[in-house]
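Next up, some structures in structure tokens.
The two complexes that follow have chain A in common; it is paired with chain B in the first and with chain C in the second.
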Partner chain A sequence: MEHIVFGIGITALTGALATVAGSAEDTESNIGSQGDPNSQVQLAPQMGFLHRIFNKAVAGEPPAYGLWCALGAGLAWAFMAMQFNAVLAIVLGSVLAVFVQGVYATTAYVGRTASLSKFGQPVYVDILKSMTTVTMAHAFIAIFATVALCQLINGALGHPFPLPLLGLVWGIALGAAGSATGNPYYGKERQYQNQKFGAGVPISASGNIVRYAEAGERNSLDNGWFTTKIGGSAAGVCFGLIVFLELWRTVLFEQVAAGWGAIVVGVLMILVFTVIDRYIEVWARKNYGPYTEAKEASS
Partner chain B sequence: MTVKVEVIEGGIPHNKIMIAGIVSTLVCLYLTYLNVLTSTEMFSFFGGLAVIAALIWGSHTIKVLCSYGIGTGVPSAGMIAFGSGVIAMLLATKFGFYAPIVAAVLAAIIGFILGYVSNNILNMKIPAMVQALTEMAVVGALSLMGFAALITGGFTFAGLTTGHVTVMGMTLLTHEQSFLGGCLIAVAFLLGAIAIQHPFNACLGPGWTQDRMLMLTAECGFLSMLVAAIMSFALISTGSALISLIIAIIGWAYTYNEYMVLSKRDAAAWLDAKPIPEVEGH
Partner chain C sequence: MSAVAAKPTAGSAMNPAAMAIGGVMFLILIGICYFIYPIGVMPLILIVVGGVLIGFGVHFVPVGGAPAAMGQAPGIATGVAMLAAGGGLAGLFGGAWAAAAGQDALVVVITGGIGGGLMMAITCMMVNFVYVFGMGIPAASGKVAKDPITGDTQAEYKSQGTEGHGLPFISFVGGVLGGIFAGAGGTLIYLELLEVYTAALPTVMGITATQVVPIAVSAAGMFAVGMFLVNAVLTAYNITGTIEGPHDPKFKRWPRSVVASAVASALCGLVAILIVAM
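This part shows the complex of A and B:
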């Protein structure tokens, strides 16, 4: 009984860490225009819409976060192998991983923008300086929280995978959660506030992203500020739930029928979530209605 | 969808890069064998240089392949390179001295099969696919072997699976503190997979230039070598790891600076805190 109570405590702690990580990850990727909003940011100058939006497409979020978290975990593992204290090792590993992330972000922005020289899109040094540092700060929170939860899974719950492999697995899961949950809010709504709500992106409006802010010209910090509110929180809840429920079923039902209990509960949870998702989708369609009429965009 | 969207204009032809890449990678990998001959770990940094040579070749292969609309994005090419390469690399480590050559041959076979499957069975019908996937599997296998040599000082299976841990002054053999046992191979996998796809992914577009992309590849390679060198402190002697780290830092600083200079050359303008330029018609 005692070890179950202990396991549930660790599960709650990892769930909380994962929520923080998911929220920070989504905000980071939105400030960097990573994931699916990226194509429009990349396309805009080609359609004549020059902008001051940061564009750091290192890779899709899952592989990128797979690397940052696996790297943070691998370095933390190495520091722990050198007899460093675990907390210090995780902090140092995350700092070095964030350094790599920052370097990749700058080369991605500069490279992409330089390749668009034909369309007159300039490289903004002030954007490079101010956005990269903010994404690095958010990435540090995301990486540190993820590596810390991996260490808890490995050290406290006794998971057989070594820390770097757990970092890889949960890093990819983190990127996938942020990419699937948070991005549409930026890519489909924030970039296209000048279009009808729920209109998607008509071909004629491609690249015509919103480039002016409440005051002055919009940059990616404005986007980060906007998406933190709902997109970031949603991504945090998503990743938090994934980590919490995954560990919860393992801790509680692993002893049932030689491990099969946890698998059966996992399948049941997927079924329950499928029903909930379907219900929400039908409800949303009924209330907001399908978008039928294709309207000409004003450019 | 086999529309070729870009062509390589000028610059070094791909075959030249390929030959230079495979030769320098194999030479660098074999130079790490000096570790065995001299019973030190001082020559581990050659593993990192092998990684950089392989990545430069591989990123140009990705450029050749992804100039066709393959429909899956550039990062997927990096994943398949290392995903197919890791099989060949792990099997080849059993062959001792011949490991790098065995890895290259095995990876070429695996890559060829994957290329054949994608082109003829999945019907992707992309002209460069078979050759590109073959090359990329070899790049993936040799890069992983380079990372292994950089972090552990060798590329044999025994060296990758055993480590030492000191308990109360006694040195014990352990499998947990090793390249494979600690799953550092997972980190090496992603370090390579992101570094190989990033240069073309970051430089694609109408203003693509070969020298800028290859400089970025070298930068990504040195950056990966830098963090891998830090991890190697756990598995090889401090002095040897320090040599790798210093070489990586110098190489990274130089290539990063050069890349920024080349980007400044290619960019439309390099502005600091200026508004969006006016374009006619908008």
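This part shows the complex of A and C:
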């Protein structure tokens, strides 16, 4: 009983860490224009729209975070092997991983922007100096939270994978959840704030991203501020739910009926999310209504 | 014709000669394993089954890529291999845990599958949540007139100048099925490699069976992750960009990917097995 209560407590803590990690990951990627919306940041100068948006697509978010979290976890594991305190080891591992992220971000911004020089897009040194540090700060939160939850899974809950492998697995899952949930909000809602609300961006508008703020030119800090409210929160909830429910069903039900308990609970949770998804879909169709009459629908 | 206007040729490019060559390569690789390390043949065949499950499963996952991030196309706004890897590795995590708890192999593989399915269910639900409540956009498919499961009409819910957006119910179901297949496949690969390493490493390294467990788990886990990415990326090339799910015409390309995944998994699995056989 005590073991189960301890397991549930750790599960709750990992869920909370995962929520923070998901939120920080999405905000970091939005400030850096990593992920799929980067295509528009890269396209805009080619369409004649020069901008001051940070552009640091190192790779897709899942492999990028797979690398950084595996690096942070691997270094933390090495420090712990050198008898460092676990908290200090995770902080140091995450700091070193963040430096790698910063190097990638710098070279990505300079390289990608320099490739647009023929379209007149300048490399802004002030953008490089002010944005890189902000993405590094957010990346630190995401990496630290992920490595910490991996350490809890490995050390307290007894998962057989070593810490670096857990870092890779959950880093990739973090990037997948964060980019899946957060990308549309940044890509459509922020970059194309000049388009109609409640509709997708017409393909003909591609590249015409919003470049001006209330005062002066918009930069990526504005984008991070905007997207953290819904996109970042949703990404945090998404990753938090994934980690929490995956651990919860295992900790509580793995020993029930020789493992079938966790499977049945997993299936039930999938069915619950299916019902919620269907409710959301039907709610939208009823409340927003069709764009055109059914008979005219040909586009 | 622009890239946007161009329609995929949906599975019409099956090349029988290439498929036959793939089949021969697969048999040669199994034969090599039989001659060098006969007891590794059965695990290798199951590793191939795992790889094929991953390759097949990735076709179900609705991936919209960059257009989905602008609400220009349905699907999840990230890359095919990326998303499948996220779901499948979450499944592998659960499966490996069940294996460590000493559960039956069938239970372990199904646990891995359900872990992948759960990750995808949560992600797909949150994607629709953001589209509907964050951006005010309903889900609509660009590939079918009616949702094959619910029968909902799609065309009038597509906003002007787009191919659709969000995740219609069929895409949600496809995402969950893809996660289940990918998670189960990844876990099966892990389980088979763990079995091979646990049996062979004590002799190879001259240490006890207890000492070998962390090494075997780490090596099997790393190879499973690597082979997972090989199959996911291979399938991403077969899909070429985006896919809406099982109702998408591109879904019909899966036989090509299954053959490619079988050959690639056989080669990777052979290498993974031979590190303890030679």
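The rule we apply is simple: the second predicted complex is superposed on the first by the 289 of 299 C-alpha atoms of A that agree within 3 Å, B and C clash if a C-alpha of one lies under 4 Å from a C-alpha of the other, contacts with A are read in each partner's own complex, and residues count from 1 in each chain.
Heads up, the rule we're going with is that contacts are C-beta pairs under 8 Å (C-beta built on N, C-alpha and C of every residue); 3 or more make two chains touch, one makes a residue touch a chain.
Bear in mind that the values here come from a model prediction, so they are computed numbers and not experimental data.
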Next on the checklist: Output check: A:168 vs chain B and chain C. Expected answer is one of first, second, both, neither. What do you get?
Outcome noted: both
Checklist entry - With the two structures laid over each other on chain A, which partner does A:104 touch: chain B (first), chain C (second), both, or neither? => result first
Checklist entry - Taking the superposition as given, does A:217 touch the first partner, chain B, the second, chain C, both, or neither? => result first
Next on the checklist: Looking at A:277, would you say it contacts chain B, chain C, both, or neither? Reply first, second, both or neither.
Outcome noted: second
Checklist entry - When the two structures are overlaid on chain A, which partner does A:63 contact: first (chain B), second (chain C), both, or neither? => result both
Next on the checklist: Per the contact definition in the header, classify A:117: touching chain B only (first), chain C only (second), both, or neither.
Outcome noted: first
Next on the checklist: Contacts for A:253 in the overlay, against chain B (first) and chain C (second): which applies, first, second, both or neither?
Outcome noted: neither
Checklist entry - With the two structures laid over each other on chain A, which partner does A:188 touch: chain B (first), chain C (second), both, or neither? => result second
Item to check | Superposed model, chain A: greater residue contact from chain B or chain C | outcome: C
Checklist outcome for this item: On chain A, the footprints of chain B and chain C overlap at residues 60, 63, 161-162, 165, 168, 299
Checklist outcome for this item: As the complex stands, chain A meets chain C at residues 35-40, 60-63, 158-162, 165-166, 168-170, 172-173, 175-177, 179-189, 191-192, 196-206, 230-231, 234-235, 237-238, 241-242, 245-246, 249-250, 254-255, 258-260, 262-263, 266-267, 269-270, 273-274, 276-278, 280-281, 283-285, 288, 290-294, 296-299
Item to check | Footprint of chain B on chain A - complex, ascending | outcome: 42, 48-52, 57-60, 63-64, 66-67, 70-71, 73-75, 77-79, 81-82, 96-97, 100, 103-104, 107-108, 110-126, 161-165, 167-168, 211, 217, 299
Item to check | Residues of chain C that touch chain A when the two form their complex | outcome: 4, 65-72, 76-79, 82-83, 85-87, 89-90, 92-94, 96-101, 103-104, 107-108, 110-111, 114-115, 117-119, 121-139, 150, 152-153, 155-169, 172-173, 176, 213-214, 217-218, 221-222, 225
Checklist entry - What part of chain B is in contact with chain A in the complex they form? => result 73-75, 78-79, 165, 176-177, 181-184, 186-187, 189-191, 193-194, 197-199, 201-208, 212-213, 216, 219-220, 223, 227, 230-235, 256, 259-260, 263-264, 266-277, 279, 281-282
